[in-house]
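Please find the structures below.
Below, chain A partners chain B and then partners chain C, in two separate complexes.
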Partner chain A sequence: MSDKKGGIDILDLIKKVLFTDFVKGLRITLGYNVSKSITHRYPDEEKWIPYRRFRGVHTLNRDEHGRELCVACELCVKACPTSCITVVPMEDDTGRGIADRVAKIWKVNLVRCLYCGYCEDACPTRAVRLGREYELACADFKCTVRNREELLLPQPVPESIEGGLVAKAKFERSLSGIKVTADLSATKKRAW
Partner chain B sequence: MMIPDISTVLEVVLIAVKVVVVTMILFGLPLPLTWLERKVAGHIQVRLGPWRVGPHGLLQPFADMIKLLMKEDIVPDRADKFLFTIAPLLAMVPAFAVFVAIPFGENIMLPVINKEVSLYIADMNVGILYILAISGLGIYGIILGGWASNSKYSLIGGLRSSAQMISYEISISFAAIGVVMLSNSLSLVEIVKSQGGSLLHWNFFYLPVGPVWCAIFIIGSLAEINRIPFDLPEDEGTLGAGFHTEYSGMKFALFMLAEYVAMVSVSVLTVILFFGGWNSPLPVPLPIPPIFWFVAKVVFFIYFFMWVRFTLPRYRYDQLMTIGWKILIPVSLVTILITGFMRI
Partner chain C sequence: MATIKINGKEITVEDNTLILDAARKAGYEIPTFCYQADLMGIGSCRMCLVEIEGQRKLQPSCITPVLHGMSINTDSSTVASARAGVLEFLLANHALDCPVCDKGGECELQDMVHKYGPRTGRHAEPKFKFHEKDYVLSQVIIKNSNRCVQCMKCVRVCREVVGRNVLGALGRGDHQEPTSFNRTFLDCDMDGNCIEVCPVGCFMRLPYRYKSRPWDLKGADTICPYCATGCRMVIEERDGQLLRARAQLGVGLNSETLCARGRFGCDFVNSAERITKPLIRHQAATWAEALASVKDGFSGKEGKHIGGVAAATLTNEELYLFQKLMRTVFGSPNIDSSSRWNSDAASAFIHAASMNEGGVSIFDCMEADTVLIIGSHISDENPVSEYIVRRISSNRRMNLIIASPRAMKLDSSANVKLRHLPAAEKAVLDAITLVINAGKLSEAEKLKAIKDSKMVDLLTAAGVGVDEITDIAKRLSASQSVAIVAGTEFLRFPDGTSGLALLKDVLKNLGKKVTVMPTLDRCNQRGAWEMGVHPSFGPGYATAEKGMDTEALLEAAMRGEIDALYVVGEDIISDYPDREFARTALSKVRFLVVQDIFMSETAKLAHVILPGASFSEKEGMFTNQEGRAQSIRKLLALPGKAKRDLDIIRAVGELFDGSFGPKNAVLVLDEIRQVNPMYSDVSLLFNNKKNSDNRLDNRAALVKCAAGVLPAAGEFASKAVSSRMEEHSFALVTGSHLFHLGRFSRKSETLLGLIKGATVEICEDDAARLGFVSGEKVKVKGKNHEVLATLKTSTGSKSRVAFIPESFEDAEVNRFFRRGEGVPRVSITRANQ
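Right, the complex of A and B next:
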């Protein structure tokens, strides 16, 4: 409170008497009070579409002819630090994969996985990629292991969308669980 | 046996009805106020605040109420059981008792029984003294609650509360004296009537002393109702939750109730003492009932106290004492002198 120089700064005193700093603070908070909130209305109205670099649930990809890229080399299994990937190879020359060797079983345990992306780095054919799905909550342990068939399904967010967007979304409840479906035609950039 | 005549009976019934109505309103008020406080907090911090329970989170207070009712009512092992139980009541009853003396508007005519009814429970000729005395008693609940809990955080909270009280209560009383000097009456009804007319008759605009009294009163009141920047008795950062650390369930709810009712009573007092009570600020040709102006001003001040809460940081313990003893009391003494000269 006391001035070290000995005298009292008149200007400072007037400022204190008129509560100028207090009024400034009140003006700032009032500005925030009437400004728009930056909270995402997830899951009711909005959903966050992550960037391409996002590392979510794994996907298995196909080439342009619809053949599976995975050759079941098991390099992803070797690279995985948590041993959450299981691959069982088999012979198949019917043209299911790009080579004669395809995966009979390719499954990943999402509870063990730490989404480091080493599997995608190790993959010689770019078959396994980490996708943009991030809603992993479920009611039992069945959904914690994803099989080859599920991972081969097309992605809800296509690769052509760059991401970093907030999309309009619909929140659906049903007996099989809850789901938030994003409407990719109505997106906007993040508010900040 | 003497049979009381009908008008006396009617008078008694009316007073009882008024008491019940005011109590019910006061019990109900914390519900919208907690919602409002959380909404204001949310929006000032660019969040949304309560949103999921009901439209715009409007049912959130009911959810909170159900939660508080169903929680276990814990009494600490070595607490003073009697004081621990009675402390929330000691905090709550004075907060409610303040409203006995508060006038809410001009007399109105009741249509059915054709009788003029005053919008106050009692017009005491020493109303302002009564209010200062009663609201000062609320501090007992806090001190005893802090002491009876047998917890160091509660004890420090209670002690801080008592130290805080002796620092601000004097300057609040001086501010009230200033208003009494301006209005020549201790009765709250007379104080409001003396500010009738237009905006410029309000005590706040009695330059140069009106704003000073108002500032002293509001600063002191912030300390009295334990809100930021003077919420040292329940300083979350250093004391857990201060005096109500050990309280849970309904006992805790009673403390919260007392706090919100105290906030309402302080807003009401600020309006009555400085902002003309139910007098309209400008002559309006429309027939707006006086109680509308009263409620509008009170709502503004409730918002103001919330607004301040999310603007300012908390003062340190010694800073509060410095403000009370070294600034507010000397300033109010000087202002009394100036007011006295102006009123000669």
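Right, the complex of A and C next:
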């Protein structure tokens, strides 16, 4: 602010008369108005496919022979800062897992989880990974806990897709809840 | 004494102390795998290498004794690199499958590598593998040799402590594998001590396999609920299920050892058969209804028509409150703690074993020059006491004498083993006493005394030779101190107690120090007596109005004189040696209340059933056979609507007397301390403390001497058997099985898996004579009952003695017995004949 002792600041007055600040602000608004939109039309038309490094809902993985990698060593439980993982091991030497020790129960409470990824780091067999699913809203507390069977299912976004894409999506609403299905064949790079 | 310097610190220790012990005493930690205080040192793992000044090479401290003036360095850089080197070599072939291994999280190798080890390994060669898959070594032990560090603790504990010798080392060098012969199935005691001593996940528990991680478990320090040895153990649960029981090094009198029952038998508390709600005439009811029904049943009844039987598996506090309830509230002196023997036998045994003179430590007994074990199949009944006897007797110059009709594992440690006829303890002891007395006579008179007609009668009655008896007498006479370990046969055949008392007095008169230690087969039998659950004495063996014992109660019930009977935890029908009589008598009791955790045969007849708590669900104290009062701790929540026995007994008392109490276990203990002078010093604080330096004898827990003198016991009729029998005829004896004791073990899935069905054990020679082979199904036929059982032969047992364990439901052994009769005779024939 300039010195006001000499009465009204001439420069200030001119700025006010010509709406300079207003035009400055409007320029940004108008500029965005004509630039390319970065808003995803989620969930109705588009869905964001995150990068591989994304830390979403846990997944349990299998090796190339389809055997479960998890040996239920419970190190993820030990590493978890919020104690949201429960593992109960059992013996099964029918080839279900890579060792004769497999998980009887492997469940994670997604409401408690803070997606820090310590479980991934602790896992000696790379069985648990934080996946790319991030749609957690639901109307029922039951769905906040994911168990082994669900986590072992093949992921909607395969590992081969690098991510960082926006896919065409379909929004479905049914009695069982809402669902956004992405069409991975129709994707486009995110435009920054 | 030798003065040595450890890391510059000067200390003085006794000659022949190991460097390791000296360093630990001085406060320096030396890591070890193969060293264990009780086991023979072999110096195989090389973790304990230390630097001795003036010696070029490092020395293993666990087998090197100190020399005066030695200067030892335990944490120099040479030592540190040697330790890291040893660990690197141990890991060279180690499977490193920690995520799968059950030991992960409590593995000594993990801890050592974390603390001392190299952070990287330089071995690039493929690892040597003994086998691909874990193999099952017995019903409770599974093995993975790839993780072995060759410390050989398993082999040594099996040989030196358990005395089974079923493990050994196959191969050499890094291909050395401690296992059974040809890796075949072990015929062992299933006690799992090899699992407990194993520092890595080489020996593992099969029942605990892949159930949990050590950090998931919540534990409580408690006392084993089976025999009266009183082993300290930690029981651990996950999600309300008791998963395992383990012993700890240097804790309790048992240190790291337990038997099969203790280590694998505690899963009975998880049983689905537990009673979870009160039942009135077998219909579910609420507590209020059940207690109202109890009130109806007991109101207005005269004390002499009321009786109470409490099991010797309850805690001291419960037993004390129970006898207080019976004596003060119901005014009934009719109270007993066992249905297997009568109360006079118990009084005589307590008198003969001087149990009123306070606790006797088993470690003191083992200090004696001669130890005589009689009336107990200690190897099966009190396995951990047996381990202590074996371990100490093999390290000392002493006489160990075992007198028993049946061969046992401890025989191999004995200097003299005597095989006498069942129920002939009195004859054996009298014969020994006679010979000891004859020792004072001249040579000619001695011969005469030995050939005396009385002596001949005794020898015939006992079925033993004169040479054996003279040998024992000679050894006893030559010793300065004698310890007699007297077992439960004295309670079954109480005439032996007078022989025991006589021998004790004779030896005392000869100026010897004599200690008598009872061995009992219920975890709190001694506590039950000392709390006054006995018809002729109150707490602390104080004289009380004489009442009826279980036997007399049953007789009175038969006559229709019992209006109300309160049974806590005891199964009279299954235990009383005449099953049909007990059943008929109990069915005539007008009002029967049974408080139990399982639906026992007795409970099936009850009008009201109150669900009680198992040892893992309550607090309290057990007094073991030596007289150590040790506390048990609560771990699990009560199943369903069950309540703690103490609360139930108090609730029953409050029905009649609103001020009946004390209100909780701690206050009851306070009252016990005041009332019972033997327990005046007993405290909850010290008795669960860890014993430092692996010194296991926690003397503070021993109870003190009782006030007053016990009256001498009366005479009992002999139930001895004659040695003249027909060809197929055997004298039937009973007792505890190595895997089964009492009723709880029958609800343990693991223990039930160890042995299928009842067995009958006879001597090998008899089997050969009759053409039987071990494992064959035979028919055992007595006057009153017959069962099919699997034949088991034993080497070196007395001929013509058949043994059927007590607690098999498919061989109700008490049906063979008839009241007032002696040892039953049975004939054994092939099952298909």
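Things worth noting here:
Please note the rule applied: the second predicted complex is superposed on the first by the 157 of 192 C-alpha atoms of A that agree within 3 Å, B and C clash if a C-alpha of one lies under 4 Å from a C-alpha of the other, contacts with A are read in each partner's own complex, and residues count from 1 in each chain.
The rule is simple: contacts are C-beta pairs under 8 Å (C-beta built on N, C-alpha and C of every residue); 3 or more make two chains touch, one makes a residue touch a chain.
For clarity, every value in this text was computed on a predicted model and none was experimentally measured.
Residue contacts after overlaying the shared chain place A:P156 against neither chain B nor chain C.
Of the two partner chains placed by superposition, only chain B is touched by A:S35; chain C is not. Of the two partner chains placed by the overlay, only chain B lies in contact with A:F22; chain C stays clear of it.
Legend: residue contacts after superposition of the two complexes on their common chain; A:G95 is shown touching neither chain B nor chain C.
When the two structures are aligned on the shared chain, A:P81 is found in touch with neither chain B nor chain C. In the superposed pair of complexes, A:P124 makes contact with chain C only, with no contact to chain B. In the overlay built on the shared chain, the residue A:C73 is in contact with chain C alone; chain B does not reach it. Chain A uses no single residue to touch chain B in one structure and chain C in the other. Those residues of chain A lying in contact with chain C across their complex are 71-75, 77-78, 88-91, 93, 99-101, 124-125. On chain C, the positions that touch chain A within their shared complex are 97-100, 104, 133-134, 209-213, 215-216, 239.
Within the complex formed with chain B, the residues of chain A that make contact are 1, 19, 22, 25-26, 28-30, 32-35, 37-39. On chain B, the positions that touch chain A within their shared complex are 40, 42-48, 215, 307-308, 310-312, 322, 326.
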